[in-house]
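To start, I am sharing the structure in question, which I have written as structure tokens.
Should a chain be cited, it is by its letter among A, B, C and D, assigned in written order, with residues numbered from 1 in that chain.
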Amino acid sequence: MATLTKQKIGSVLAKQGILVAFALFIIAFTFANPKFLSVDNLFSVIRSSAILGIMALGVTFVVISGNLDLSVGSMMSFSTIVVLDLHDKIGPFLAIPAMFAMTLCLGAFIGFLVGYLKLNSLIVTLGMLSAIHGLTLTYSGGKNMDIADKEGTWFSVFGQGTALGIPVPILIFLGLAAVLGLVLARTPFGRKVYAVGGNGTAATFSGIRRARTVFLCYVMSSACVAVAGLIQASRSLGSQNTVGQGLELEVLAAVILGGASLMGGSGTIFKTVIGVLILGFIQNGLLLLGLQFYVQFVVTWVIIILAVWLDIAAKRGKLWSPIA
Amino acid sequence: MQPGALSDALKKGAIWGFIVLELIFFSVAGEYLSLSDNAFMDYENMLLLLKQSAPIGIIAMGMTIVMINGNIDLSVGATYAIAAIILLDSMTWPIFAGLGDWVIPVAWLLALLAGTMLGALNGIIVWKTGVDAFIVTLGSMLGFRGIVFMFNGENPTSHLNWTLVDFAEAQVLGLHTATWFLAIVTLVLWYVMTRTVHGRNAYAIGDNREAAVNAGIRVGPHMMINFAIIGFLAALSAVVFYSESGSVNPNDGQLYELWVITAVVLGGTKITGGAGSVIGTLGGVIAIQLLRKGLGHIGADTSTVNLVIGLILIAVLVLDRQLNVKGKEELKV
Amino acid sequence: MTDPVLRLEGIVKTFPGVRALDGVSLSVMPGEVHALMGENGAGKSTLMKVLGGIHQPNEGRILMDEKPVVMAGPLEAKAKGIVFIHQELSLAEELTVAENIYLGELPKKSFGRVDWATLFSKTDAILKKLNVGFGAKTRVGSLSIANQQMVEIARALTVDAKAVIFDEPTASLTDAEKVVLFDVISDLQKSGVGIVYISHRMEEIFKITDRITVLRDGQYQGTVETRETDEEKVTQMMIGRKLDLSRNASHHELGDVALEVRGLSCGKLYDDISFDIRRGEVVGFYGLVGAGRTEIAETLFGLRDPSKGKILLDGEEVRLNSPSDAIARGISLVPEDRKGQGLVLGMNCRDNMTLPQVDDLKAGPFVAEGAEVAIFDLYRDKLDIRTPGWKQKVGNLSGGNQQKIVIGKWLSMKPSVLIVDEPTRGIDVGSKSEIHKLLRELAAQGYAVMVISSEMPEVLHVSDRIVAMYSGRIMRTFTSEEVTEDSLIQAISGIGGDKAA
Amino acid sequence: AEHGPFKIGITQNNVGVDSYQTTYEQAFIAAAEENDMVESVVLDAGGDVARQIAQVEDLIQQDVDAIIIWPTNGEAVIPAVRKAHQADIPVIVTNSNIAEQGFDFVASFSGPDNITQGARSAEIMCDKFKDMGIEAEARVVQISGQPGYTTAIERAKGFEDRLPEVCPDVTLVETQPGDWNREKSQQVMEAFLVKYDDIDGVYAGDDNMGVGALNAAKAAGREDIIFVGATNFSVGYEAMEAGDYWGSIYQSPVDDAEAALQTAIDVLNGEDVPFLNYFDTPKITQDNMSEFTKPVF
């Protein structure tokens, strides 16, 4: 009986190692600074994680399908700049769909290269990171983009509004997470994403159109980026060309922290959300402790490795790796 | 010539073919667009090209073997910065005050040692925890950068030693010091990877880790050695470069990992491991440096440079894909 | 009496949800070939992995020369003289044959340099003994599966082994290579090495082994002298009942031509292939490895573009550009390589089985999971798949049960043309005859079935007609009445056998 | 002795990272095109010292008549500058200066004085606190530029040194970097607001970050904070118009670029140029902003 419960606890740990780690961090931070768990702070963390988080949702699809997307940061800059520019030119009603269309085109282009032409995704998206940055600079002429009438536009609702007392970015993030979570876990498309990432050849042999599936993953990812860009633009109603720079690695870190394997075929939206929140709370927690940013770097390093280690150690039931 | 030999040769030589294309393009375009009276393919300019390829190139050699081994190292940029700080800072430490210019080799050694240790640290973590190298080094990319800032806050660390600068700027037998280092590193690693047991085992591990384990290869130590080597090389790259420049910003080396990986993959190393060569990587490094240099030569502006570099990377992949098509009857997976 | 080289005592090994080995004991004498038999999932591979240091037993002990030893890992096992030839290929494809054979023990010179001269000369000697058609410097990835298997086997000859374990070495070998393998085994035997031999092929077992140990559901059933037993008794020990080996002789009416292929060619792979399959008919394709049968199947499944010729389904010419085209037209293909092409190893059993029809099993926008489980249960029972439940990852099933998942996956598509490529590779005798029976039944229900196999008894057993292929061409087509083993062998070796209409 | 136009090469720090640098590049190109006496080669180091050194080498190799450099690192480029000097090519440093050791190899420096700028921001902040009568207890947070950049370091130093001199009782409670990035700065400010109930002033290393911080404060409903920035961007100017943002330092990238080009031409013409050629960067606040045109970037 005793061994049975022990086993049960073991298997819970194994399945939810990352959640346990998450809980531990929260408790530790709360002891260090009681403000950490205040409603204001929670909202503030989730709100500022929302942009990163929404991008991570899309990237989760890409990673599960066995690919990488390093272009999301610079694509997000692009969406933000475009929607801000068009806001004043054609009004928000048209600007938003126009920006979505342009961003989706970028996603479709990457999807075409990686899916249909079967090019290596790391290099393609690395190339696109640079190319889209160039595109953004050309588009904006390198200038910051600002909305002229900041007080008068309803456009600010996506980034600054609240509904039912909850900030809109949080609602969008969680809503999107729920929808995409269902898509991934329950729909035929989601199943195909796992199959293509798990074993692309076998998926093809099962009649799954691998190229199309990969293509759609990138389109989804770019749609998420467009949403993130929209919130970003709405939040500050103005932006510089580099607003998303460097986010690609943070996004990837969150997805991996959530337990998706870079080899493809595993991961879930729920876990990605946890990964995003862990990163967000770490940053916020350390800031509240008043640590220098470089101490935050070091602590984040340790925490990322510990969290992932704990997670896989629980899965294999052994602390140390079996690698000889 | 056997059937397919030509396409084989093309495949292997794709990156060199691309380099030739770049040379032709920039030479011709340079005639019209460049202010300079000197030709792009001027001998001196080509020597500079090799020299300028060294900082990325030396690290890329290490990345090649780590990637052949089936791992990746994203922390090289930060390791590079740490080694640079140790190199420059240690020359001013009071304990070495009596050494005169003999402090130089000591500083070099310290920097190289530090790089090797950091690399080995990554290796040990990958080995002992079993966490994927991508994640481990993504973490240490941050962590090492944090350590960089701990040295001197946000300020640059500087120590200009003209003896050192003169050494680094010297040209021996026509080649710059940095070029010599790049050449020697390339040769040594080529030898290690093709001729030694460690090199061959590294290939085997990257190719099929399970098979290597089943065959009784001790996977962990090999991986650790390769991580130590890349740490050493990141430090060597810093040592060569900062001997000449004498000051390091805490941000230096950022994004190097991405450029290095790009060069390695352009050079034909498989991202999943098991295949690749340091010679190919040399081609990849030169191709990238040539692109940057050439775009500057013809006066492209910042946004164009970004756009073009990105698209060219993709174009090279498309080209490579075309060369690799086996024929119409190929299995469609 | 001599001491056994190797003794396993009361080995217990559990995985989450599975008791794979339950107190198994086994001893191997020097110079003995000891067969290990049992159904798919009985625990044979697991037992050998415990011996080879890949798994640690929960209970029990291992003795070598009557001294207890601990196999902490593959390295220790190898150092103690245990060589393990794996069921699944375990090769580094980018490396040369020589490097693969000596993987982990490359000969060294000073400073850790590889001693290439020694390596190649030693390898050449081994390859010569094995009588294979490739050299030491060939890249392993460019070899056919069969030749890769020979590379794996060559490893047995590199060290002074005390015991060699062969886990289904012949699953992807043809007769020519088998002969060589048996020579190798008898050489090893003469030099006093103890050999454990795992196989589902009875004729091999009775040809080369001295004793047989049988496992069932992880439990030890007993050990018998090969000389003193026969197929029937062994089968009974394995599956606990007798096997009905009679051919399903029900002669049902043949229907219309379902699949017709006219003058199909594909580059150098095969040339001018014409045949047809009627509803209700099983057509066997027999030939040596590399004869091009798999490539024909792949073409019919939309995976290759033919360079010439036509494919007709129900009399109508079709273009098949992708597997989904082929599936939409009622073609199913059970591919040759289950790990690479058949299964997503990290996915659970149910999801693997329903993968090709996941678009059709819908409840609203979602996958109808209930319907999926129903399909899984149906075929689990029909094919006797041993798994703790549908949630189990396919990668954790035994090799034979994995194969059954693939077969179930394609049967559940209710195809009108079913192509099976080496359908019973690695499947135990009991299930094998079940599958044969199933193929016959399917035909009787009106399916057109194309069976590609390198096992002559299988082809002879299930086919109504047999197409013999040699090096990309059809040599002859036999009906089940006229075919004899000799004429078949002649046809596939390219000797004589004028092309019949 | 020279005939024909001067060939002038420039290697900039990191164009495209913000509007200032972009506007600088455009202004420089425009000025060079307008001037018949000048042909220009415009390069960008992308913030990477190694690339900048390579670009200086390339410019030397191309035999330009003068090199303008916007150093990525004020010391690391010294040996490269020495090489240009040895090749008899005059070097003009722009925007942020190189270290003293390199002065021997440089013809002139042209740019703003960032330490003074930081000091002036401190004065603006202090004066406002005095107006409000809270100079005895005010608490200030600082959001600095990208760690490691000379401009960021110098402005922070100027501010930190000057503030206690003019307002000894004001405390600088914390400094965090905002990486010249509005979004990052907004996040940093959000955390500050949670952490400190009492914040009276925010000093940001440039207006871009200042406005990010302002957004955070507005979202949190904290209205009474004094924002002071530097490098007056158009967003900052607008926020000042709206009365949300108190003051900044007026610095025009167009002036910066034109000054650099003119200095180079003067040097090539053999004219006498001062070694430290600062252009003026005055204080701008809500009170005097009507004297300034709205920045174009």
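Simple rule for what comes next: contacts are C-beta pairs under 8 Å (C-beta built on N, C-alpha and C of every residue); 3 or more make two chains touch, one makes a residue touch a chain.
Which protein is which chain? UniProt says A = ABC transporter permease; B = Autoinducer 2 import system permease protein LsrD; C = Sugar ABC transporter ATP-binding protein.
Computed from a predicted structure; not experimentally measured.
Enquirer: Using direct touches as single steps, what is the fewest number of steps from chain C over to chain D?
Expert: 2
Enquirer: Hey, how far is the Cα centre of chain A (ABC transporter permease) from the one of chain D, in Å?
Expert: Their C-alpha centroids are separated by 33 Å.
Enquirer: Centre to centre, by mean C-alpha position, how many angstrom separate chain B and chain C?
Expert: Inter-chain centre distance comes to 44 Å.
Enquirer: Determine the centre-to-centre distance between chain A (ABC transporter permease) and chain B, using the mean Cα coordinates as centres, and give it in whole Å.
Expert: 29
Enquirer: Spell out, as numbers or ranges, the residues of chain B touching 2 or more other chains.
Expert: Those would be 149, 213, 218, 302-303, 305-306, 332-333.
Enquirer: Could you say which residues in chain D touch two or more other chains, in rising order?
Expert: Residues 15-16, 25, 147, 177 of chain D touch two or more partner chains.
Enquirer: Could you say which residues in chain A (ABC transporter permease) touch two or more other chains, in rising order?
Expert: Within chain A (ABC transporter permease), the residues that touch at least two other chains are 133, 137, 142, 201, 204-205, 293-294, 324.
Enquirer: Let me know each pair of chains that touch one another.
Expert: Every touching chain pair, ordered by label, is A-B, A-C, A-D, B-C, B-D.
Enquirer: Can you name the residues of chain C that touch chain B in the complex?
Expert: Of all residues in chain C, those touching chain B are 52, 54, 73-75, 77-79, 84, 86, 90-95, 99, 103-106, 108, 111-114, 266-269, 295, 298, 302-307, 322.
Enquirer: Given the complex with chain C, which residues does chain B contribute to the contact?
Expert: Residues in contact with chain C: 195-198, 200-201, 203-204, 207-208, 210-218, 274-275, 327-333.
Enquirer: Using the touch rule from the top, collect the residues of chain B that touch chain A (ABC transporter permease) in their complex.
Expert: Per the touch definition, chain B meets chain A (ABC transporter permease) at residues 74, 125, 127-132, 134-136, 138-150, 213, 218-220, 223, 258, 261-262, 265-266, 271, 302-314, 317-318, 321, 332-333.
Enquirer: Which residues of chain A (ABC transporter permease) touch chain C in their complex?
Expert: Against chain C, the touching part of chain A (ABC transporter permease) is residues 11, 182, 186-188, 191-192, 194-195, 198-199, 201-209, 265-266, 324.
Enquirer: Inside the complex, what are the residues of chain C that reach chain A (ABC transporter permease)?
Expert: Interface residues on chain C, with respect to chain A (ABC transporter permease): 16, 73-75, 301, 303, 322-324, 326-327, 333, 335, 340-347, 351, 355-356, 358-359, 361-362, 365-367, 409.
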